[in-house]
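A quick write-up on the structure given underneath.
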Amino acid sequence: MIPLTYMMSLSAIIFAIGVAGVIIRRNILVMFMSIELMLNAVNLAFIAIGSRLGSMDGQVIVFFVMTVAAAESAVGLGIIISTFRNRETVHADELTLMRW
Amino acid sequence: MPPFLYIFLGALAIVSALGVIVQRNPIHSLLSLISTLLTIAILFIGENAVVVGFLQIIVYAGAIMILFLFVIWLLNLQVESGPTGHLALKAFGSLGAALLVTELFFLLAPPHLQVKFTQEPAGYGSLASLAGKLFTDYLVAFEVTSLLLLAAVVGSIALARRLPVVVEEPQPRVVEKIAS
Amino acid sequence: MTVEFPALALILLFPALGVVFNLFFGAKWGRTSVNIVGPGVMFLAFGVATWAFVRLLAMPAGSALAMPLWGWIEGGPFHADLALRVDALSGVMVMIVTGVGALIHLYSVGYMAHDEDFARFFTYMNLFALSMLILILADNLLMMFVGWEGVGLCSYLLIAFWYTNPQFAYNGRKAFVVNRIGDAGFLLGMFTIVGTLGAHGVWTLNFVELRNNAALLGGAGATAACFLLFIGATGKSAQIPLYVWLPDAMVGPTPVSALIHAATMVTAGVYMIARLGFMFSMTPSTLDLVATIGALTALFAASIAIVQPDIKKVLAYSTISQLGYMFLGVGSGAYASGIFHVMTHAFFKGLLFLCAGSVMHALGGEQDMNKMGGLRKKVPITFATMFIATLAIAAIFPFSGYFSKDLILDSAYESGHFWLWLIGVVTAGLTTFYMFRLIFMTFFGESRVDPDKEHHIHESPAVMAIPLIVLAILATVGGWVNLPDGWLWGDAFVRFLAPAVGNFKPAIEANSFDLSLIALAASIIGGVLAWVLYIQLPGIPFLLAWRLKPAYDLLLNKYYIDDLYNLIVTRPLFWISDNVLNRAIDSYAIDGTAEGAGLAVQTSGQVARRAETGNVQHYAFVYLLGALGIVAYYLFLVTGR
Amino acid sequence: MTIELIAGAIKAILMIVLGLNLALFLLYFERKGSALIQDRIGSNRVTITGLGQRMGMPNLGIINTTIADPVKMFTKEDFVPEGADKFLHTLAPFLALFPVMITFVVIPFGDTISISGHRIGLEAANLNAGALYLLATIGLGVYGVALAGWSSNNRWALLGGIRATAQMISYELAMGLAIVSVIMTFGTLNLQEIVRGQGGVWFGFLPRWGIFVQPLAFILLLVAGAAESKRIPFDLPESDSELIQGYFTEYSGGKQAVFMLTDFAEQALLAMLLTTFFLGGWQVPWLMRDGFHLPGGAFLAVPALAVSILGIIAFLAKVVALCTFLGLVRWTLPRFRYDQLMRLGWKGLVPLGLLNVLLTAFVVVATGRVQ
């Protein structure tokens, strides 16, 4: 079986990539995708540790994460669409109505 | 799972993950994301999380990503001309991410990451075992999640539907007021 | 022996229900419902009280009825429960309050028949009765204080009942504030008791336990506590120096005055002292103080009452004077006599006020006795009943007042306070004088009523007349429950109260018969004097007033006490509040601080808001920094540097 | 070990070839069957040295459909339109074909046989989560179509792609529900197990096929599958009268061939699924391991090998029959309107499927067949 550290490292790398994506890309959709990346990285960590511990809890958590991700993306994309309709942009740095 | 497969999949996952954030074309980003998801799903299956792996493909790759695809089409996003972000943010963001990953490496190095290894029971990762957990220990969470999904459906519909255009009544003129 | 008697809770429950009903449904369901419910609950309470009282009479002397409701305050070792207790003392008081109160409520139905705010009025009235009953039924000092405060509040509400008149509202406030001063004394007294006893490990305010542990207080503690409590009593019972609120309380509706003076409130102080008699007995100095204050108040108020033209003012000062008697009684150690006078006074003073109200009712709200006269024929019932009441208050044998006042003076003399006794006797004369002056000016002589009011003078309706008659009977026979020794059943009342308030231990022997003769003589002299001055030679009073102008003015202006208080208390207080507190502290210190804080926040905000770029990614980056920090810290922990 | 590997490889290739051949058969049936139904002659020109004529069957057109057409297609110019996303445009067809092809591997086409002591199940991959695998791969089938429509930079193509995507993900639900009810019935995800579960008979004569247990599920899967494979009457995405050719308007030559192949392969796959889930897979009625137990009580012994071969033949026969049926449907029914399609999917099939799942759950719990 693959050593746990490798799995965790992989998930850490993917997570970091997701973080970077959220920060460096100004396209909301891409930021959104990066969030999904992070979620999956965490899922990977759950699965890996769960299978090492021989407990199903990790997989159950992943199941829930998927469900929540589905809900989140549904609502989030709805928000993006309505935002686009109102503001004609998907760029985070142009959606700064809340600035000082 | 044989190591070479792990290395191959890991490399693929990382590359496509990078693809997600560097591609200028949202569709390409999406495709890279999908490939990442599929790779991760295969890794799941390699970790004996068969059901969850397939669920990952069905739910993520099969449904959520389609949603993204539709949204991209709906907003008619083309290749991004011009900067994909602010330079400072790019620099510091990448730097921060790199720092994070290094920290995590140190944190996840063997001495600090102790996991009591236990042999997986029979039928580990099967649908039965998953369902067993779901409907006993996590029943409440399960039900709540279903409610959450319902709320999400309603909310997204309410968000995305076009509001009917309100045609306001023309004010009756003074003359008519007097007349009536 | 103490018997649990759940029905006691009903005595409180009924007025409470009345309050709720009148408050929430009274205005909606109309006058009839209020008229039924308002007095109805009082009569029900009276019924229950009678039941309890009869039960109490049947039991051996010294026994009591109790109803522990539920625990209230649990402060470490200290605990105070909501528990009701009826022994001889509180039994008598409950009877007085519910009985007379019920009659006054009934009277109010007629009196308030033309007022719009009847629902609010009866709400307050029931609340008033409720508070007084709490005060009486309480089995510990703290719960008593609740009622104590309650009556204070209700007095404020009722005195300022016609709040649209600023003067009335001001008087209400005055009553409230003066009461507060007294209440502060009461509170401090309680604290003293708790503190002193607590030092000995006895954490209680329960009367029974207090009585059992009173010895632990020690002389000094008892003195301090009693003194402070007495200040509270002076506030509530309108003694020198805190009596000033009571005359002004006359601006409330007349039934209110009756309720305040006769049944409730003012007697609270006397009741409290009698209740804590065991403690006061430990401190002769305080007792003497009480007696002296009482006597002085009696004389003082009576002298003021002589010249007052306002019928209700006269009655008000007579109340203060009578309260002075009561304090004289309890001050001389004869608590029973004080309570006895409370009872008789409740009868005749309630009657007097109701009669005065009836007169004013007849005259369309006229209060100035110079605009009355010759009403004898026009309002016969009122006249008859008021005359009886006058005889009673003037302590003419065999009306109730005679017995109670005689008992007080007797005990005052026997306790060795000769001068106080003398004052009492003189006051008795004055009392008779001003009371008959009132009667003569109101009902005799030729009418001085405004012609426009002349025609619609009318006797009060039955609903007002009946209470008058009942009270008149009570005022007549009420005193017979305690005859001088050796007569039919002797001093039954005193004997009945003795277990609760202790016996009176005379210091010197005296022939009580002679004493009472002297007092009676004084009263009669006063009466005759009044007859001479106001019937035979009506010119004399004005002549006197003109000759003794300074003295007259002094009395007419109540010894300028109000102005004195204004000068030494109110004015400086206002001045300090305005100049020091308002101008200096408030506008500079406090406002400065507040605005300074606001300014600081504003300026710092001007700078800090720059961080709010509104760009999500900046926030995300900061978030990342935070995450980095946390992970680094965790790393630092696990790696153990 | 090695022999299992070899066997696995052989079986995989076998399944792929089977699928491709079925697709070829469907291609032929597309041409000539339609001609037959529409009372045409159909393609009949090409011959190799007049073979057909000489054999006395003049216009069978086998050469046309099975050889000439593919050759023609693959030799045509591979055209990529202006402004298209070249990479995706090239990727799309294979992205469409790939999932279908890898789905074939879980279909059991025969009972377990033993060769020289090695027990070899006659399915390319015996997955414990086979049904989930099916759903997953079928779900992936969307992308090829969608990207084809998007990448070819053409309105009609994009419309076709959107239609196809929407249609497929809509009918995926109904399909999944139907399969779920079957899974609940047989209590396993393993297709081989499911097929085994359909052995034996009821009342002495009725085979225990899924269609008799889950008739509603059968209809659901049939309809939803037809919609999945974008066949008439569900060929909105490529409705040539509205959108020139739908999502592969801009495709030519080999890539178009791949798309057509995908369609036929999907059809074949659907037939196989229906067979596996409802028509007892390789089960031959009344045929046990030792031979036929006819309803009358008569018994006819059959050698084990023959039993296996009979099973394979039965499987193929059922599949071909279903393919023919689908073809007939394709040439007889008119096309839906888009809103009708959606209404049927969301308001017709999905509720029915949920209802079916509910009923199945009740029955399963009631009959106590749940651990």
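The letters A, B, C and D name the chains in turn, as written, and every chain counts its residues from 1.
As a working rule, contacts are C-beta pairs under 8 Å (C-beta built on N, C-alpha and C of every residue); 3 or more make two chains touch, one makes a residue touch a chain.
The structure displayed is predicted, hence computed values, not measured ones.
Peer 1: Going by the contact rule set out at the top, which chains touch both subunit A and subunit C?
Peer 2: B
Peer 1: Please flag the chain sitting at the greatest distance from subunit C, going by CA centroids.
Peer 2: Measuring from the centre of subunit C, the most distant chain centre belongs to D.
Peer 1: Could you quickly compare B-C and A-B and let me know which has more C-beta contacts?
Peer 2: A-B
Peer 1: Measure off the straight-line distance from the CA centroid of subunit B to the CA centroid of subunit C, and report it in whole Å.
Peer 2: Distance between chain centres, rounded to whole Å: 77 Å.
Peer 1: Give, as an integer number of Å, the spacing between the C-alpha centres of subunit B and subunit A.
Peer 2: 5
Peer 1: Just give me the whole-number Å value for how far the CA centre of subunit C lies from that of subunit D.
Peer 2: The computed centroid separation for subunit C versus subunit D comes out at 100 Å.
Peer 1: Find the geometric centre of each of subunit A and subunit D from their Cα atoms only, then give the gap between the two centres in Å, rounded to an integer.
Peer 2: Between these chains, centre-to-centre, one finds 36 Å.
Peer 1: For subunit C, jot down the residues that touch at least 2 other chains.
Peer 2: 617, 621, 624
Peer 1: Would you pick out the residues of subunit A that each touch at least 2 other chains?
Peer 2: Residues 19, 23-24, 26, 93 of subunit A touch two or more partner chains.
Peer 1: Which of the residues in subunit B end up touching subunit A in this complex?
Peer 2: 1, 3, 6, 10, 13-14, 17-18, 20-21, 26, 29-30, 33, 36-37, 40, 43-44, 46-49, 51-52, 55-56, 59-60, 63-64, 67-68, 71-72, 74-75, 77, 80, 83-86, 89-90, 92-94, 96-98, 100-101, 104-105, 108-110, 113, 115-121, 124-125, 129-130, 132-134, 137-138, 141, 145, 148-149, 151-153, 155-160, 162
Peer 1: How about subunit A: which of its residues touch subunit C in the complex?
Peer 2: These residues of subunit A touch subunit C: 19, 22-24, 26, 31, 92-93, 95-100.
Peer 1: Report the residues of subunit D in contact with subunit B in the complex, numbered from low to high.
Peer 2: Listed in rising order, the residues are 85, 88, 128-129, 132-133, 135-136, 139-140, 142-143, 146-147, 150, 158, 162, 165, 169, 172, 189, 371.
Peer 1: Which subunit A residues qualify as touching subunit B in the complex?
Peer 2: It comes out as residues 1-2, 4-10, 12-21, 23-27, 29-30, 32-34, 36-37, 40, 43-44, 47-60, 62-64, 66-75, 77-82, 84-85, 90, 93.
Peer 1: So in the complex, the part of subunit C that touches subunit A is made up of which residues?
Peer 2: Interface residues on the subunit C side: 609-610, 612-617, 620-621, 624.
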